[in-house]
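Have a look at these structures, which come just after this line.
Two complexes, one shared chain (chain A), two partners (chain B, chain C).
The block that comes next holds the complex of A and B.
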């Protein structure tokens, strides 16, 4: 009997550990950072301590753990299970489930539906395009700004604060400000009033461009989004890279100076390699963030996620959200799993590349 | 390349902006280093020797004074235009590059007429690597090398572009004792083979003594004495220099001169001839003691350390200013075991007198002030 008990305990632990490994990965993509930073951290700490010290019987430990466990079970573990379940149930409908008795057939119909659905392909295209454009751009910009910030003495604190502002500002609010900046009232009419961006490019003799209004082109929409996303992603990256720069030994630069190294070469041959761990981190998190892009588009283009008459600018997360709103939980779950798969693969590729190129 | 420093001064502004206190790191440094010599800048920490080195390298600008390489005034030149090789205390090897890439790095920066082809660069790099005997480690990363090997890579990187002057900042301080001995021989050998004027900084007098052609002893930013190692040891210019050089250190006594005779305590130990009466510091090198039955100086014996070649006698005296008196005598001399006192005669040329207030040397008898180093040596 004791043996069986041990075995069950073993399963219990193994199951829990596996579940939470999955949960850990999953919630990185699904749950807001509050969850990440607080609940999961506390839970992991308490959980590990519990296992390490073999205090399974101790009700106190479970009591202290319970808030975190309950919240995690409801908001992280259950949704993961549910997503998996719903993705493979054919013709699933939440109302039917509530009704009770209906059994669903298991299969890949949801995935097939999602992939065959043209709007999903459009979403995928938008997401990939935004990712591919914004991540390298924002990383390079952040690197340049970080190097500049690191090399100036006066006002560096002040400028750091300025560059960090987007990080603490609500993305919907920023989106609305961007909308105002790019907006044109009365396009191509004599009394047209253009936004500040068009005014500025007007100084260089460029005709006002229809960025986001009715009839605007897809590339114009994407340009606005890229500018927005890059600007929004900069502060975090600058912060990480600046931290990395400040920990680089100054003597490398002195040695380079003695060897009469041109500035550009110092940057490419010394600064970038020495910062490579930070750059890898920034790129990986950038890609993950890029695939989850959603709120910026809502912020600028509203919930329709497209300029009036323009091409849809919906993204993967947006598609999942829309499907849920249309009571198609099966498709939403399947799309979420596909997104997870894509992020997983991209991250693996990133890690693989950075392992080769990164100097630790 | 001859290196000449004229009235070199470095003053750092005070951190505290309200007070106008300045830190004088180097004050009025004058030195001429003949071509192809190995010069050691020696002094306790904080004496401005590294600052001097960095001023020669150009990484720091002197507050006043001039630096000449040969006849060229390089004071206003930036480091990259001075043609120097600098080896940092912690070597500053680029961690992400292999040894080869590290050594090639300075060559790849060359521009214009100096620009080299890949083959030439490799040839030069391998030549430098062979010189410091690391040509078998060329494909390793610095993290895969020992401290001594890293040191050699750093020297190779500094040498590869054929600098006019090689500067080494505490080159041996990061090595363990055995490696230190080995590496200093190595530095000496490399310097001899290349014939590049080399300046190195150290706080270890033994290191400086063993490999330098010329030693510069510094204290609080002021040059105390410049000379060949043996000359400085034999003829220190003041009490600081006498104390700083030599292991075991010099023994210092409180003494007085009266009627041409030197007294330590109540004992008359030497005739010093024409020296003004008054209190003096008496420095006696450990090898300046000669034990004798009728010796002039009586010391309380505390220990005899037999070291094979010679014997070290540790004793004490009321007038001494150092912790103990340590004298080194020939092993032939047998000291009677259990003796309570030991008597010494002093060798006049190993006894130095210093002024009580200025701590400057007082020369007596056949002693005379050291001659400044001549340019040819």
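The block that comes next holds the complex of A and C.
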């Protein structure tokens, strides 16, 4: 604001000084056109453009931005600082702060507590396992489906719509459907119904597997989760990759056709390299989403986040919410910062790798 | 002459051989493609089919050792039971209220700030915008912790305000709309200025109609966000103020003995159907918003 005023003042002074000089020139040389062409222009610039347009713009802009800025300050900027504060205050607890305790020792105790807590290690393990399994699987599957969709003509739009369907779903609701599909009704009773998935795999001669019921194995639980998460992650990836495929220059394929290059070679040597920016994008967003996995597990296994009597399937985000529900804001903040650190590092690694491997 | 003719016919025959062989390969490849895609499509669609079918079965039929692929007796009463058991009516009204209010307020805030960023000149505009974009990198859970403390201190727990206000400003929507506003030529704005049109009138008469598709995208994504939000309402609201997704998980689990899965599936269907309707009629806008963002809701 202040600077804008200075600027306008500067233009006025400039206008006056120049006018004075020109007036002197005019008096001495009587060159009328100099006045007309230059002075009017300078004053016009100073008056119209800078005062009417720029100066009023400045405070108007802040007026328009004010609702957004105020909300962002309270709900976005403040949390960033406050999370750091709470994470480094040992044994921080919101209730104590409201109760009047304001002296907390600074230190790394929250981080040490979080890392030494065995349940957190379990959460970290689950999250990493799900990430490592689902991201490559869903990316490869999405890539294959996108390439297939791109090379057919009839029914293409219809199939695209179907493949996009899982995107517009409620992850809790569909998680419950997956639970029902894998569930064994009346487990360990003679009239048990093994569920639709076990019936289907029964056609291939596989014995019914206890996927999610009481006493189910950890790997079975993880398999169900991987299937659900991949199912849920496919539409976005297909959409992005198909968009990329449709913008690929057709000349490369025609050149390959002239050389009668085999299809697999076309795929690995043309399609994948040309799509590499999109693949990198999909992998990075996939990892970020994978580290924040939470509601799909609640959908299938309920709010306990484990099969009855099974190993805990809680994730990093689940741990943060659990700590929050137990009023351990300090620990929750520390865990959130650790999560942010992991996501940041993984994204940086991904970007580094993709910079070397992608061809723009 | 005859030699060249001979050569030409030989080449033509060769070409024919190649093309017929190629055609066979092409057709088989196409068939395989369709087979693969249709199988995948069936796998994608199957959970939805199973959801609807199960919601119409009787409990006895659902427990048959070999599941049936179509209900023998269609039980519409499952839906009635779902509404009463999970209190879906109340939750539905809550969700609609929160969704509409937050969408309208959010649109106003977003349009104003996008306009400021796209058209007006002020000091530090680009720095501020870059800072805002940088906050998009931080995971939302980090904000949730402090926001929970903040709303507790403000005494907003168990109100509608707590579900609406903290998520009004989305930097991504501001970004989306700003890009759209930038595409509208500045001459239009200057012309309106010369004619003495007020900014807000110009926004309403020119900018908003021209960027309507993006505004519709934002509206849909925002409404879907309210419909699908689960964690925040569970954290800050009691059953009177919770949203529809919260009703799903809790209502059927605390029943003694086995959960009534057909009723549960009926509730799930009730929650999913509006999303499908939105998808069928407004697919274009959703896909446009999604392909630019990569965020859900």
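To be clear about the criterion, the second predicted complex is superposed on the first by the 299 of 360 C-alpha atoms of A that agree within 3 Å, B and C clash if a C-alpha of one lies under 4 Å from a C-alpha of the other, contacts with A are read in each partner's own complex, and residues count from 1 in each chain.
One rule holds in what follows: contacts are C-beta pairs under 8 Å (C-beta built on N, C-alpha and C of every residue); 3 or more make two chains touch, one makes a residue touch a chain.
As the structure is a computational prediction, the values presented were derived from the model and not from experiment.
Overlay on chain A: chain B and chain C clash in the combined arrangement. With both structures placed on the common chain, the touch criterion links A:269 to chain B but leaves chain C unconnected.
The partner that reaches more residues of chain A, of the two candidates chain B and chain C, is C.
By the touch criterion stated above, A:325 is placed in contact with chain C alone, chain B being left untouched.
By the touch criterion defined above, A:128 reaches neither chain B nor chain C. Touch criterion met: A:76 reaches chain C, while chain B stays clear of it. By the document's definition of touching, of the two partners only chain B reaches A:252; chain C does not. Applying the stated contact rule after C-alpha superposition, one finds that A:201 touches neither chain B nor chain C. Working note: chain C versus chain B after chain A overlay, options 8-16, 98-106 or 134-142, clashing stretch identified as 8-16. Chain A residues in contact with chain B (one complex) as well as with chain C (other complex) do not exist.
The touching residues of chain A, when paired with chain B in their complex, are 249, 251-252, 254-255, 257-262, 265, 269-270, 273-274, 276, 359.
Residues of chain B that touch chain A in their complex: 57-59, 78-81, 84-86, 88, 90, 92, 94-97, 105-106, 108-110, 157, 161. Those residues of chain A that touch chain C in the complex are listed here as 1, 3-4, 53-54, 57-58, 60-62, 64-65, 67-69, 71-72, 74-80, 82-83, 86, 94, 98, 144-145, 148-149, 151-152, 155, 159, 161-174, 176-178, 180-181, 183, 185-186, 191-196, 199, 231, 234, 236, 239-240, 243, 263, 281, 285, 288, 291-292, 294-295, 298-299, 302-303, 317, 320-321, 324-325, 329, 332-333, 336-337, 339-340, 343-344.
Here chain C touches chain A in the complex through residues 29-30, 33-34, 36-38, 40-41, 43-45, 47-48, 50-51, 54, 62-67, 108-110, 112-113, 115-117, 120-123, 125, 132, 135, 137-150, 152-153, 165-169, 171, 174, 193, 199, 224, 227-228, 230-231, 235, 245, 248-250, 253, 258, 261, 264-265, 268, 271-272, 275-276, 278-279, 283, 286-287, 290-291, 294, 296, going by the rule given at the top.
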